[in-house]
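So, here's a batch of structures to check.
Shared chain: chain A. Partners: chain B in the first complex, chain C in the second.
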Partner chain A sequence: MPKYIRRSLFALSIEDSRSGEKAYHSWADAIILDFVKKAGQDWQEDIKSRMPASINQAAKGGAEVFIRINSEAAAAELVATVFPGIAGVVLKGVNGGEDIKKVSACLDVLEESRGIARGSLEIDVEVNTAAGVWNSVEIARASPRFGTFTANERELYRNLGMFPEPVLEFEPLEYIKSQLITVATSVGGQAQGFSYPLSLTEKDAGEDEIKKVVRRARDTGFKGAVCPHVSWIKACNEGFRPSPDEVAYYRKVREVFSEGLKRGLASVPIDGKMIDIPVDLRAKLYLEWADRAAARDEEKAKAHEKPAS
Partner chain B sequence: MAETMNLRRSWMVLPAHKPEEAMRYQEYKPDVAVLDLEYSVPPKDKEITRKNLERLVRDIGKSQTEVFVRIDRDTRWADVRAAMYRGIKGIVFPGPEEPGEVAELGEFITAMEKERGVDPEITELVLMLESAKGFWNAALLTGASPRVTALGVGRIDLTMKLGPVPQGEFRLYRFLMTRALVAARMLGKQPLGAFFRPGSRGGVASKEDTLKAAREARLMGFTGCFCAKPEQVAPVNEGFTSL
Partner chain C sequence: MNNRVVRCSMFVAPTNPRYIDKVWTRGADVYILDMEDSIPPAEKERCRSLIPESIPKANKGGASIYVRINKPFMDADLPSCVWPGVDRIMLPKTESAAEMQYAHEIISRLEKEHGIPEGYVELSPMIESALGAVNIYEILTATPRKIWSMGGGGGYDMAVNLGIEMFADFDQYAFPIAYVALAAMALGIEATGGVFVHNPTGRVDQSDYAAKQAEALHAAGIRQSGSLHPAFVQPLVSGLSPTSDEIKWANRVIEEYNKLADAGESVGELDGKVIDKYEYDMAQRTLHWADACAAKDAFKARALARAQAEEEKKQKPA
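Then we have the complex of A and B:
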C-alpha cells in the first residue's frame, strides 16, 4: 500500500510563463517546480517575489506542489522558495544523512516563520550520485520528513561512469532501484521510477509501450514516476494503481473468501486458484489502494471544475 | 592517480615463481603487470618465490609497465615484505573484510617504504572483494587507507564463499558488482571487474567471451579487470576502450 497516491510527477519551470496552465492541463498528481538563479540580480529576492504565485498556479489542477532544491545550496534556496501551498521539497545531490538533517532544520524555521504547519513539509530525495545510493539507509532515516526516493537515472549513469545508452540486455540499475525501493519502504516512504530501457532513453515511445513500462515499474515496487513528457502522465495515473481487472478479481476474492470463512473454511477455490488468508489480505490492500487512487482522481476532477486561471 | 586511472585496463596476472614466464608479459602489453604470490604459486614454491621477487619487481619496474604484487591474505605480511622494492607500484590485497586490516597493511607498507628506500606514500593498495563481509564493508574498507586506489571483484573465492552459482544464473554477481561499482565511484577509486558468464570465466574464458565481458563491464561503469591468462590482455584492452 503506498503512503502517497503520487503516481505521476511532472517538472515545470517557474520561468515558463505558461507553467500554471501546463500544470493544470497535465492532470499530474504532483508538480515539481524548478527555478533559475538569474545572474546580475538578487536571485533570492527575484524568486521570492514570484514563487508564491507560481505555487498557487501549479496547484490549481489539484496537484501537490514540490520545489526542487540543490543540496549544496539548500539553505539559501529554501529561503527563496518555501511558501504556503507546497507539500515539500525535492532535494537533489544528497550525499548523506547530514544533508537531510540540515534541510529539515531549515524547514523547521521556515514553517514557523511562514505560517506552515509544523513538521508538515516533506523531503523527497532525487538520487543522482553514488554516495546517495550507498548512504540511502542513513538518508532515509535522517528525518521523519523523508517521503520518497526517485532515481535520476541519467545523472546516476554519468556519476557511475556508465555508458548512457540502452545497449545492455539487462537492467543496469536493477539493484540500485531495488535498494531504493526497499530502503524507502522500510521507513514508511516509497520510491518513484520507471523500468529500463525507457527509464534511460525517456523516448516518447507511444502509449502501449509506456503502459508496459509503467506496469513493470509498478510490479517492481515503484509507486509513481517523474514523467519526462506530459503524454506519459495518463499512463502513470492509470498504471500505478490496481487495474480494473485486478479490482474486479480482488472484489470477488473478498466476497468468496468471506463466505468461505462463514462456512468454517480457511481456503476456498476461485477459478482453480486457492484463496487463503494472505490472498484475502492482498485483496484488501489492493482494493484500499484502488479506492484511494479513485479518491485522488475525484479530488483533481473537482479542482478542474474551476478554470485554470 | 586520476590521470593514469583510465590507462589501467588490463591487469595481467603473472606467475611470480616462474620469472622467465612472468617476463613474457612484454609480448602481451598489459597496462599493469601483477606478480602473483597467491593462487599461481604452489605452496612449496612460496618461500623461494618471495626470495626472488625483488629482481622481478625491479626489472618490471624499470619498464613502461606498472608492476603490482598480488599477495596472499594468509601470508600478507611476508608477501608485502618480499614485494617492497624500488619499482613497485602497488599491492593487490585479496579478500579484505575489516577496515582495520586495510589500515594495518597500509601502515606496514609505510614502514617498508622507509626501510627499503621506496619513495614514501606512493605505493598503492588495490582491494579485491571476495566475501560477503568484504562486499558489505566495501566503502569502509576503501576509506581505511589513503593508499587504496582501486576496488575489484574477486570471483573464485567469492563463488566458494557464497555458494555455487547455477549455470546461466548471473544475478548475484550483478548485485555484487553494482555494490563494488557504487562504492568505488563514491570514493573516486577505479572500479575493476568484468561480466564473465558462468562456464566461461577466469582461466577458461575464450577471447570472444573475454571481449564481451569487458565491453559489458565498461558499459556498466568499470574501467579495467584482471586477466587470468595472457590471451585475455588484448580483448580486455579492446573491451575497455571501444564499444
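Then we have the complex of A and C:
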C-alpha cells in the first residue's frame, strides 16, 4: 500500500510569475519546482534569492513541494534550492547508487546548516535512462532517503532509441514499469507513472480517457503520476485511491471473513471468489488507504480556506 | 528440465475433514497440506497435530505430498511436518537467504531424527512480495538443498504488497514473475512461472478457465500449475500432458532427424517444417515428458484402485 498519499504531482517553473497561483488552484498532492540557470549572472545566488518564496507559494494549497535537480550538477543545484518547506528533491539523470549517495551526503550538510530536520528530506528518482532501470535495485537501496521512482516515459523512449509515438497496440514499457514498481516497493517506497498510450501525451486528453489510463496505471501498481497537464489532476486524485465501490466491497469482505473466523473457517466465498487471510489483509489495507486519501483531501481543503496569496 | 510430474498441485486444509478425507479421489499429482492461509489462527496448533495422519490420507491415490508452513512459526511448524512421505516444504513469503538458511538447518536436524535421507526434503521458497522477488537469486542459492522447480512472483500476497487489485485484463506481474523465472533458469531449476490468462471474475472454481490456463502454460513449455479448487484438477492434469498428436509428431521428428544424421546432414524438412537439432531436442523432451506423465498416471491409477478396494472393504459389514 502507498507509503505516501501522492496521487498527483504537477511540475511548475519558478520562472513562471503565476506558479504559486497555479499550484494553489491545481489541487495537486505535490508540486515539483523547476528552475532555469540564467546565463550571464550568478545563477546560484539568483535562484537562492527566489526559491524560499517560491516554495512558500507552491505549498499554500496544501501540496508537498519538491525541487527537480539534475544528477550531474546536483551539488551546486542543491545549495541553490534546498530550503525549509520542501519535502525532498526529484533527481533526474540517475545512473547508479553512487549518484544517490552523493546527493544524500549533500542533503545531510544542508539539513544541518538550514534548520531542516536531519534525514527528513526525501530523494525521489525520475528514471529516464536504461542505466537507471538496470541499476534500479542499487539506486533504491543506496539511501534510506529513497522515496519513489517516476518513470519518465518520453525520455526513456528516446534513451532506448524508440519513437515516442503512441502507435502500438501493447504497452512497450510493461516490464520496465513493473520493475520500477517492484523495486521501489521492495524497499518500502512506491512508483509513479501512467500507462500507455496516454503516458506519451502532454495535453488534456478528455476526462473519460484520463480516468481509464489512471485506472490502468493503478492496476499496474503506480500510486500516483506526474500530471502533464492540470486537467489530469482531478482524475489522479480520484483514481489513485480505492473507489467508493471498492470501499463498500472491502467492508463486506471484512465482515464476511470475520463471521467465517467465528465459525472456524479461514476461507469463505463471496460470489465465487475465495476470501481468505490475504484477501482480508488486503481489505484492511485498502480501507486504511481510503482513509488516508480522505484525510489528505481534508488537509488540502483546509489549506484552501486561506487565499492563494 | 527434470521430469517430476506436478501438472496440478492442490491445496487442502488438514483441519477440514470434508476436504482432507476425500482429497485422494480428486486426481491431483500433488496435494499441499496447508498450515498457512487456509488455517485460522486458533486452529494452527490442531493443524500441526493432524499433519502425520493427513499424509497417508492425501497420498493414497498416488499423489505426492508437500506442506506449506507458516513463516513466522517455522520452529513450531517444521517438527510437525518433516516426516517420511513429505517431498517438499513450502516456505511462504520468503524474502531473504537467512530465512532459507534457518529453515534448512531445522529440516536437516529433523531429517536425521525422523530417518529421512539427508537433503531429501526439498525446501521451496514462495515469492510473494516485491522484496522476495528482488532477492530471488540469493534466496535460491542460500542453501545446498536441492530445489527442483520454482515459480511464483504473483498472486494474492504479491497483489497486497504491490497495492494492486488483481484480475485486470493485462499482466500485472510482468517483472516479478519473469525475474523469478530467469533466476531459476540461470541456476538450472525448472521454471514454473505463470503465463497471464485474463480471469475477469477471479473465481477459482471454473474448469473452463483452468483449461485456458493449461493451454497457455502448455504453449509456453511450462508443465506445472496449482489449484485451490478440485474443478481445476482434471483440466490442468490433462492440459499439461503431451497430446497424442504431439507424441506422434515427436516420434516422426526423431525418425527424420536420425535419417538426416545417417546421411551426414543436419537440417531437413518434414511436412514443410524445418527439422534440425533444436527440433530433435524438443521432440526428445516431449517424449521424456510423455513417459514421465504416463508413469505417474499409471502409478496413480494403481494406488487409486488399491485405495478404493480398501474403502469398499471397510464399508462391507463384517
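The rule we apply is simple: the second predicted complex is superposed on the first by the 302 of 309 C-alpha atoms of A that agree within 3 Å, B and C clash if a C-alpha of one lies under 4 Å from a C-alpha of the other, contacts with A are read in each partner's own complex, and residues count from 1 in each chain.
The rule is short, and it goes like this: a contact is a pair of C-beta atoms (placed from the backbone, for glycine too) under 8 Å apart; a residue touches a chain by one contact, two chains touch by 3 or more.
Quick caveat, the model's predicted, so the values are computed rather than measured.
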| item | value |
| --- | --- |
| Which superposed partner A:Met162 touches (first chain B, second chain C, both, neither) | first |
| Touching partner for A:Asp276 - first (chain B), second (chain C), both, neither | second |
| Chain B versus chain C as contact partner of A:Val109, first or second or both or neither | neither |
| Contacts of A:Ser267 with chain B and chain C, given as first, second, both or neither | second |
| First, second, both or neither for A:Thr129, with chain B first and chain C second | first |
| Partner chain in contact with A:Ala75 - chain B first, chain C second, else both or neither | neither |
| Touching partner for A:Val137 - first (chain B), second (chain C), both, neither | second |
| Comparing the two partners chain B and chain C, which touches a greater set of residues in chain A | C |
| Partner chain in contact with A:Ile181 - chain B first, chain C second, else both or neither | second |
| Partner chain(s) touched by A:Pro172 [first = chain B, second = chain C, both, neither] | first |
| Residues of chain A that lie at the interface with chain B and also at the interface with chain C | 174-175 |
| Chain C residues within the chain A interface of the complex | 13, 36-40, 42-43, 129-131, 133-135, 156-157, 159-165, 168, 170-176, 178-179, 201-205, 228 |
| Contact footprint of chain A on chain B as seen in their complex | 139, 174-175, 178-179, 181-183, 185-186, 191, 216, 218-223, 243 |
| Interfacial residue positions of chain A with respect to chain C in the complex | 1-2, 137, 171, 174-175, 177-179, 181-187, 190, 216, 218-221, 223, 246, 261, 264-267, 272-274, 276-279, 281-282, 285, 289 |
| Residue ranges of chain A in contact with chain B within the complex | 129-131, 133-134, 159-163, 167-168, 170, 172-176 |
